[in-house]
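Presented sequentially are two complexes of chain A, the first with chain B as partner and the second with chain C.
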Partner chain A sequence: MALFQLSRRDALILAIFALVVITMPVWTAPFGANYPGLMQKFAIYAIFAIGFNILFGLTGYLSFGHAAFLGVGSYTAVWSFKLLTMDALPALLFAVLISGLFALAIGFLSLRRSGIYFSILTRAFAQMSYNLAYSVLTPITNGETSLQLTLQDPRLIDLALAPRGAGLPTASLFGMSLSGLSGFYFCAVVLLIAFFFAQKVFASPFGMMLRGIKSNQMRMSYTGFNTRPYALTAFVISGMYAGLAGALLAVTDPLAGAERMQWTASGEVVLMTILGGVGTLIGPVIGAWLIKYFENIFSSFNEGILGRFFDFVPAPLHDTVVAIASKFVGEGWQLTLGLLFVLVVVFLPGGIMEGVRRIGALFRRRGSPPKAGAMRVQPAE
Partner chain B sequence: MTTSERNVVLHVDDVSKNFGGLHALSDIDLEVEEGQTHAIIGPNGAGKSTLLNVIIGRLAPSSGAVVFDGQVLTGRKPHQINQLGVARVFQTPEIFPELTVLQNVMVPAFAKRDGAFRVNILRNVAGEAALRDEAEAIIEDVGLSDRRLSHAGSLSRGDKRRMELAMCLIQHPRLLLLDEPTAGMSRHDTNTTIDLLKKIKARGMTKVIIEHDMHVVFSLADKISVLSGGRIIAEGLPDDVRGNIKVQEAYLGGAHRLEATH
Partner chain C sequence: MDAILAQLLNGLDKGGAYALIALGLTLVFGTLGVVNFAHGALFMLGAFCAVSFRYLITLETVTVDPTQTTAWGTALEVRTPLAQTWFGDWGAVLIDWSVPLSILLAIPVMLLVGIVMERGLIKHFYKRPHAEQILVTFGLAIVLQEIVKAIFGPNPISQAMPSALRGAADVGALIGLAPGALTYPLWRLVYFLFSAGVIAAVFGFLRFTTFGMVVRAGMADRETVGLLGINIDRRFTIMFGLAAVVAGLAGVMYTPLLPPNYHQGMDFLVLSFVVVVVGGMGSLPGAVAAGFLLGILQSFASMNQIKSLLPGIDQIIIYLTAVVILLVRPRGLFGRRGMMEN
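Take a look at the complex of A and B:
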C-alpha cells in the first residue's frame, strides 16, 4: 500500500531511528538524562521541531509563532481530559484538529506576505494568542493559574464506565496509566509515527514542490504552480505537529499554561531546527535533544559539582577556573547554548547534520583512493 | 483574416505600458501564428523584455490586452497563464539552484501532470519512473546528461540556460517565450541550441524569441518585428527586415551585424 511505502534508504533510516529512540533509557544513562520526565521532553520537542522543519526547512518560510499551536494543543488536550476522558488518543486527535484549524487561520493571513514580514506576522499572532490565553480568554484557559484537572471535572465518558476515584487521575491509554516510563514510550511511539509521516512528506512530489518554493518561488509560479496553497498546507501540517507536541505535554503532565505560547518558546524551536540542520530529517531531532539537555542538565550544575570536576587544576587557579566556568552552567546555561549556537552557525551553516556529512565525506575519501570522476556530486534523493 | 491560412495563436492588442512618465511600450500590435517562430529584435532599451513581461503576466499593461488562443491573458496570474500552455525562458536563468538538474526538470513536469496545486503526500518522487524517464530524455536533448545529478546552482551560465529550456520543453507548451536564450553561450553551444530550437519547431511549437544575436535570429525566425523606442518600427519576413533602412538606423553601429550574417 502506498501509505506505508518508503524507499529502502528511508526505511533503513526509520529502523535506526526507532532503535535509537526505543533504547533511549539506556544510552542517556551515562549523561544523567535517563529519567522519564526529560526523555518525554526529548520525544515531544523532537516532534515539535520535525513539524516546524516541514514548514521552515522545506518552504523556507520562517515562523516565529509556532508556540501558539503548541499551546492550543495543550489546552485542547486538557479540555478533552476534563470533559470526556483521560484517555490520551481523543486528546491527541482533538489537539491536532483544533491546532490545525488555528494554523489554517493564522497561516492564511500570514502567508499573504513573505520573508521578514511573514515572520513578524506569525510573531504578532502568537503574541496575541498568548495575551488572549493569559487574560481575555480566562474562562477557557484559566488565565495565569493555568488550566488544570479538578475533582469536579465532568469526564463524561470515564465516569459513565467507572465511578470517580479518590485523587486526581492521570492520562491513560485504554486503561494503562501513562506516567513515568510508559509515558515516555507512548511519546516515543508517537514520535516515530510523526517521523515516518515527515519522511513521506520529504520524499513526495508535494515535498519536492515545497523545496521548489524555497529555492525560487517566482520560477514556481511561472512553472504553473499556485504557490500559496502549497505553503499554507505546509503551515497547517507543521501547526498540527506543534499541536500534537502540545497535547503530549499535557498527557505527561495534565496542565496547560499561557507561558507555553510565549515568544521564547517559538524562538526555541527555531534554534533547535537551525542547530540540528534546517531541511534535514534528523537535524531538528538532534537540535531538540541538545537544547532540552542543556536546559535540564547544564542548568542543574552548581559550583560544588564544578569544583569536583576541576579537581585536577592546581589550587591557586582552581577557584578562578571554577568561578569562570560557573558562569556557563546553572542559571547561565543559556550562555553555553548561545556560544554553541554561534559556533554552529558560523562554522557549520548547515547545522550539526552538515558536520556529520563532512565527517562522512572525509571517511569516504580516505576509504577509496581518489579516481577521476570520484568527486561527482551525490544525488540528493 | 482567413483562419484557414493564418491561425493567429497569440494576439497582442494595442498594448501600452508606462512607467511614470516613461512610455516603455506604445500601441504595440502583434500577431503570432501557430507553429511559427516570431523574433522580436531591437536595440537595448527598446522595450523587448517589457513586452515579454506583459505577455507572461509579470507586468500589467497600462492599456490594451494580450489574447492567447481566444483567452485573455491580461489580469491572469503567472501560474494560470502557464497552465494555459505558455512557458518562458528568462533573460537571467530562473532555476532551482539547490535542486539537482534532474529535479529541476521534473518539477515542471509535475505542474503539467498534476495542475497548479495538489497534495500528493502518499506518492514517492523516486517511484515516478515515467516522469523521470521523460526528464532524462529532455536533459539528453539539451546535452546535460552527464550533469543531471549535479546541483543546478553549480552549472555554468550557458548550462543553466539550457537546463531552463529543458524545464520549459518538458511541459510541451503551446507557446514558448524565449528571452535571449543564447546570451552568455559559446558559439558551439549557441549552434547546439539553434539546432535544438529547430527540432522543437518541427514539432509545431509556437515561439516568441527576443534575441540580440542576429545569427540566431536569422537561423530561426519566420517573422521578425523590430522594436525601437517602445514602438514597432518594422515587421516582416527576415529578408524584408534585413534590407530595411529604418532598422539599420535603429541599430546605428549595429547595422554591420545584420550584414555579417549573409
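Take a look at the complex of A and C:
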C-alpha cells in the first residue's frame, strides 16, 4: 500500500532507528542508563520532541505552551484508567483524540497571529490551563495532589470481566502488564510508529507546504495557498504527539499532575528540539535523549564523585576545582543545560545535527573547498 | 465604593512592577528590535542586589570583650555588623533602610549587567529572526537564574522593609472618607510612588535631553540617524543598560512584598510580555498604561464577589485579556498601525 511506502533512504533510516531503539537496553548499559524508568522517558520525550518539531521545525511557528497538551494527554489517560479499563490502548486513543481537539481550539485562535505574538498566545493558553488545573478544575484534575488511581475507581470494562483485585492495578496491554522493561518496549513501539508517521509527514506534499510556510509565508499566500489550514493541521498533529507522550507518561506511572503543564516543561521541549537540530527527523530525538540523560545522571553527581573525578588536579587547587564544578552538576545541572543551550543557539543554530553535517562535510570536501554562500540562498523579497 | 477603591489601590503596586518591567522590555524592543526573554531575569537580579547589599552591610566582625563574661564564664563575644563598625550608631539606621539604599548598589550593577549582556551576546542577534532572539535570551535567562540559585540557594530570602514604612496609611481619611475606612499598606504606596517616579524619570530623560531626542529619532528611523554621523549603536547599548536598571530597580523595591527567589524573573516575564502586548508592542505609554491596567484588573478579579460569579477568573484574567487583545486588536491599546500586525 502506498500509505506505508517510504523512500529507500527513509526506509533505511527507519530500520537503523528501529535497531537503535530496540537495542537501547544494550547500548545504554555502559552509560549506566539502562534502567526501564529512564529508557521509558527516553522514548516518551522523543515522541514529544518529534511532535514539537513537526510544528516548529517545519512551519517555524515557535510554540511556548506545548506542555499543555502533554498535561491534557496525561489527564485523559488517567481518566480512561479510572473510568474504563487499565488497558493502555484506549487510554492512548482517548488522549490523542482529546489533546487533538484541545490543540484544534488553541491552534485555531493562536495561528491568527505569527512570530512573537504566536509564542505569547500559546504561552498564555498554557499558563491558563496550568492555573485552572490547579484551581477551579480541581474536580477533574485533583489540583495539587495530582490525579491518581484509587481503590474505588469504577473501571467499568475491567470490572465487568474480572473481580476487583487487591491493591492498585497497573497499566496493561491485553492483560499483559506494562511495567519495567515491557513498559519500555511498549513505549518504544509507539515511538517507532510516531517516527514513521513523522517521516511520512516530512516526505509528503503537505510537509513541503509546511516548509513553504516557514521560508516565506507571504509568497505562499500570493501563490494562492491559504496557509492557515495547513499550519493548523501541523499544530493539531503536534498537539496529538504531545498528548500521546503525556498518555505514555501516565501508562508508565498512572499519575497526572498540573506541573506537567508548567512553562518549564514547555521550555524543555524547545531546548530538546533546538539542541538536537530543528527541522531534522533525528535531531529532536537526540536532543530529548541527551537532556533526559543529563537530567538523570548529572543531577545525581555529588561532591564525592567529583572529588574522585578531579583526582589528577594538584592538591592546592583540588578543592577549588571541585567546588566550582559542583555548581554545574547535581542541583545546578540546569546551569550546564542553559549554557549549552546558549552556546548552541549562538554558534550552531542547526543543533547537533548541523554539527554532524559540518564534520561530515569536512571529511568529504577535503581538497575541494565548498562554494562560498552556496548554502545561503536568500529569498527575494 | 470603599471596596472598589481598595481594589483599585491594591492593583497599583503590582501594576507598578508590571509597568516598570514592561517599560524596559519596550525600550529594548523599540530601540534594538530585540525580543528579550531575559528581561525578567534582570528584575530578579535587581531583587538580589538588595539581598547582597543587606548581606554586605550586616557582615559581622567578632571581637572578644574580656571585661564582660557570659553565663558560662567565658569572655563575651561581641558581634558587630559591618555597617556599625563603619558608621557607628548610624549603622542600625542603615540596616533598617537597607532596601531603599540598595538602589545605590543596583544602579551601577544593573547598568553594567545590561551593557555586558548587550555587547557580549545580544548584539550578535540583531539580524537573526525573532525566534532565535527569543531562544538565546531564554537560554540566558535560565543561565542567570541558575547562577543566582547556585549562589543564594533555592529558598526565598525575605527582606524587611524600613520600620518607619511598615504600617498602613489611612488613605480614606485623605479623600474625605471616615478614618480607618480605607487603609493601605504604606510600603505598597511607596512602591507605587517610586514606580511612578521612575517612569516619569525615563520619560523625562527621553523627552527633554539631547540624548533622549537622538534615541527617539533612532527609534523612528535608525538608518537616517546613523547617516547623520551619530553613533546610534552606542546610544542604544546605553538604553539597554537603562532598561536593565529600570527592571533592577523594580526588583529592588519589590523585595519586601515578595521575598526574592531565583525563579521570580520567569514568573514576571510572561506577565510583562502580556503587558507589552496589551499596551502595544513598541509603545512606551502603552506599556505603562497596560501595566497599571492589568494590575488593577487582576486585583478586581480576585474580589470574592467576582470570583463567585466567574470561578477561576482571578487565575486567568491577565492571559484572557491578552488573548482577547491579540485577537481583536493585535497592535494593542496604544500600538502604531502595522507594528508586527501580521
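Rule of thumb we're sticking to: the second predicted complex is superposed on the first by the 365 of 381 C-alpha atoms of A that agree within 3 Å, B and C clash if a C-alpha of one lies under 4 Å from a C-alpha of the other, contacts with A are read in each partner's own complex, and residues count from 1 in each chain.
Methods note: a contact is a pair of C-beta atoms (placed from the backbone, for glycine too) under 8 Å apart; a residue touches a chain by one contact, two chains touch by 3 or more.
Everything numeric here is computed off the predicted structure, so don't read it as measured data.
Of the two partner chains placed by the overlay, only chain C lies in contact with A:Leu62; chain B stays clear of it. In the superposed pair of complexes, A:Val342 makes contact with chain C only, with no contact to chain B. With both structures placed on the common chain, the touch criterion links A:Pro154 to neither chain B nor chain C.
By the touch criterion defined above, A:Asn131 lies against chain C but remains apart from chain B after alignment on the C-alpha atoms of chain A.
Of the two partner chains placed around the shared chain by superposition, chain C is the only one that A:Arg112 touches, whereas chain B remains out of contact. Of the two partner chains, neither chain B nor chain C is touched by A:Gly360. In the superposed model, A:Leu3 lies in contact with chain B only, and not with chain C. Looking at the shared chain after the overlay, A:Pro205 reaches chain B, while chain C stays out of its contact range. Contacts of A:Thr233 after superposition: chain B is touched, whereas chain C is not reached. In the superposition on chain A, the residues of chain A contacted by chain B and by chain C do not overlap at all.
Within the complex formed with chain C, the residues of chain A that make contact are 60, 62, 109, 112-117, 119-121, 123-125, 127-128, 131-132, 134-137, 263, 267, 270-271, 274, 327, 331-332, 334-335, 337-339, 341-342, 345-346, 349. Chain contact summary for the complex, chain A toward chain B: residues 2-3, 5-7, 200-201, 203-209, 211-212, 214-216, 218-227, 229-230, 233, 376-381. Within the complex, the chain B residues that touch chain A are 56, 77-79, 82-83, 87-88, 94-100, 102-103, 106-108, 110-112, 114-128, 149-151, 154, 167, 171.
By the touch criterion given at the top, residues 35, 121, 124, 128, 130-132, 134-136, 138-140, 142-143, 146-147, 149-150, 154, 266, 270, 273-274, 277, 281, 311-312, 315-316, 319-320, 322-323, 326-327, 330, 340, 342 of chain C touch chain A in their complex.
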